[in-house]
């Protein structure tokens, strides 16, 4: 089977395994206080446009999400996000388990707008029963979204402005950050994101690492004792250097950007093939996830050779499915799928 | 000012104050282990059609809601309710603070249907990523709802059936239970509710008591150590007999049902006056809360003499407002308001 | 039976019931925004020596304790208190349920010392694994303690100084505050407590009210959105004026201090009787709770006429028991008990 | 520097890195549903003496601890453990953050006894204020303990019996399980542990893996939806096969037992050297952690060449320090340290 079902179905970029092997007999301090974490943070900071940031390495995305949110919010404060946001739809209520309500806004393409956020914030500000409702205090965006869509610089700036106006934190979940920045349609850089967000994370798990997410905190108030939150949440890896080392390999020479950009290009080739075949898109995505509405017969045929993710039934004979390229996708597999799409 | 703003703006029924005065020098055991709580529970059980129930007396509604939900759910389980449900809209995220996600279903009139609940439950049952989403395990209804509407026996039986099918608890918030049962449109009795729900509470605060809600647990599994949940949640009144005594007075001779029924009748008189004046209803309610769409000029005029609750702007010149009768409403005040409505 | 088992086994001071009756037909705003809460807060503030305080009225002690602690602490911060502290020993783990570790210090007489607190704080400050342990951030004292003992002004000033040095909040649980201040051994005033503590509460339930605790917040940072915490915790009484009214009655003319002082005097008479009878004290208490070590035969004899609380077995034939006077104790009952002690 | 500071300062056993490299281009299902996790579970089960167990692979120990405890307890239930227990002393209050009180029992050597546990359980069972205290429901042991000591089969059987009698879960934290079982003083097998405990975990992080802990659940009631707890707690690794693969390598041919036993033997050689040098032990340990009381001058000298962990000051001129051997310790380093001990 050729796997297009997701972007975390293979180990790691070979350079990471090499680095792990090369340092396997070395000894390091525990819990993320080591030279590799330091070096990795330094490499990441080069992209931020400012040294005023803390970088922490966590193991996984759900963990990163609820740790950041726990650190940011008081018990009566809530999170604003798209109803399709990962924290709302796919994390077993982890944010609520940590005590916080999610105010989920309808987002047709996985995105929410500055206007929607402002409306929610205004509702609270003008309420005369404030103590009976939660205070929206943090905006959670994913970039790219769960549907592969991305915010433009203008959109992110507008959201940032709303957050500033209402005293809300802006938190960007970059589990697939590389695929977002690598899109030809993206007009954002990591420096833009660092400038506009109070905290975000750089996904490793889906972008070439064995595992790991690098949380970047630019807001001063969020930095206090953040390591205590990580430890309490079970996110502090004993052999923390394993995370630092991986991010160092990914960021030292731009490998991170290179491999995710390549995956985006592959996705665009698939996209072109679907367009030519007049297979409609469920949602228009400029990144590595492509959502199409396939005839079930076609889906069945492709499923003999490829894995891809079933999303939902569209009608009696059609379904929305996701084809996902990744840092580990191979040229020949892409070409084979393109041929098979043509032959549908 | 004549108050129609809510049903908790006066002290208590005089008989309650009399009973408090009569027992003021008596000594009782603490924390709800006393003769009055026993007697009150016995009176309430007479209405349940079964002695197989535990009755606990708590101070307030939010407390009762989250205590029951905490006792019923494991951390990964969630609550299904209407988006207008009190726990979702007016309790500062208390349920989420206790760790549970609320799956809020759209309910145009404050109610949700068996079909909606079944759909949500089915979504989980058929999910192949169950561990990534929460398990809907408890259905929360309010009776009457926050819009004054009520479920019919058929509707409640259907919801009960869905809950049975999917192994979900059915919890009914009866903060205004008297006003629901007292409605001429109600075809439910307390015995029906006890038969169809696993747990519910009988509101005292809004129905003639100084304060207090009587939680009735019919489901066996929910009864275990419930007092531990009450104490932990801060809901165990030191002088628990104050609660028992009040409910005893309300239930001994049917006072509870009498005074709330009267309030419903008053509300129907107001309703008639609005209909005759062709003032449209925002929502059709058969209980003590009446939601009308008033011209702002009319609202302003009435506001000189009456308090009522502003709900929301409807258009440039109209607003939805709530007139609420209560156990403490007086005949002459009702008639005066009716006259003033006629004169608008 | 004559009750000396606790100080919450009777209704309320008659003046409170009178005030409730007198205002029963009045209408008030809900949730603690009303004229009685305002007036009560004003009366209380007269005793504080500063108007810079917020006063909130909650229903019960456990609720007040965990609401204050929830508002004060971040998830990785902990509470320092005596092992016998009410929050540690008698509240079903409510503080831990809210997410916070309690660092319980051994306190032979219910009290802890500035030195003990400093040691705990220093342990954290000098730790090189701070993120692996909790940060002691709030000191919880009870005044009087669960053993009836009280802190001297010097002791409280020393604890205050340690809290200042280490950036910890000082929180005083005054569920029996009146009995503490009313002791002839007390050299503290409410103004002292307000000056030395960041937050404390004035117990109503055990000091003449039907129920209710007045939380006084002097620290600025703790005041932010405190009403949101109250509501979320289920502590916001719908008919909040019932609380305000009671505290107004208690504080307007010093009734609160008068009735608790009287109870202390009664306790001192009992104490004298025990001393004369050479019945040893389990702990020396200058307030309304008296802990003595009784021969079981004597206890059995007294138990025929009086209720008192068994605390624990001391040896084969002796037990520690508590005799508790209260605002509702009657002169003749005290004298009768004294006679019976003499006749043991 | 030669590292004896802990047992997690090196990468992984070379065979693990080889296996990772060999499978790096393979694709697997996500979130622990894959062939390696299956195979690893099968290998582990061979040691359990029963196939009636669920095996789950988590990333770290703190995570494993609070996930198990969250799954096992209701909000008013508490954990019994030694005061030196990892969950009590080194996890930033994670258990309390999850809502549960820890009842910490004094344990001079890191262990607690069946009698201590029974006393705590009896205190609850015989309490007449049960709802005011927490219910001890789970016993947490570490094997070996934080001081390197181990329970004998008799001791564990006695604790098991108490747990059965009082309806408590027995949970064994085996972060260093290999070093416990590998001790010449151990009379326990994994089958014994599986038989006597309701749930335990097999530490990978400290025993040869890059990271990972295998949670083994033998009790039926604890198995329900355990994956939901893992996901919600952020412990579900996207590339779950990385965990399965590592445990497969460790358990297939007994590598796990071999490398930890070797470390124990090294530790016994160090122990012998200390004994011969008449350097006293802070605590007598039969496993890979050796706690000695060193003269500060000697410690300083050794610190020039070796890392070891400072524990605490003993007196003006002596300190307790820990020397820790591990699966990665090398024969020549052990011999060098022995020589240097002799030359002190």
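Details
Letters A, B, C and D mark the chains as written, and numbering starts fresh at 1 in each.
Note that in this section a contact is a pair of C-beta atoms (placed from the backbone, for glycine too) under 8 Å apart; a residue touches a chain by one contact, two chains touch by 3 or more.
This structure is a prediction, so every number in the text was calculated from the model and none was measured.
Of all chains, the one whose CA centroid is most distant from that of chain D is B. In whole angstrom, the spacing between the mean C-alpha positions of chain B and chain C is 34. With centres defined as mean CA coordinates, chain B is found 42 Å away from chain A. In terms of their C-alpha centroids, the spacing between chain B and chain D amounts to 50 Å.
Annotation for chain D: residues 75-76, 91-93, 97, 99, 131-132, 228, 231-232, 236 touch two or more other chains.
Taken as a contact graph, with one node per protein chain and an edge wherever two chains touch, the assembly is complete, since every chain touches every other chain. Chain B contributes residues 31, 70-71, 74-76, 99, 130-132, 135, 225, 227-232, 236 to its touches with chain D in the complex. The part of chain B that touches chain A in the complex is made up of residues 75-76, 78, 89-93, 96-102, 129, 131-134. Of all residues in chain B, those touching chain C in their complex are 1, 3, 6, 8-12, 14, 17, 20-21, 23-30, 59-63, 66-67, 91-94, 97, 205-206, 210-211, 228, 231-239, 242, 307, 328.
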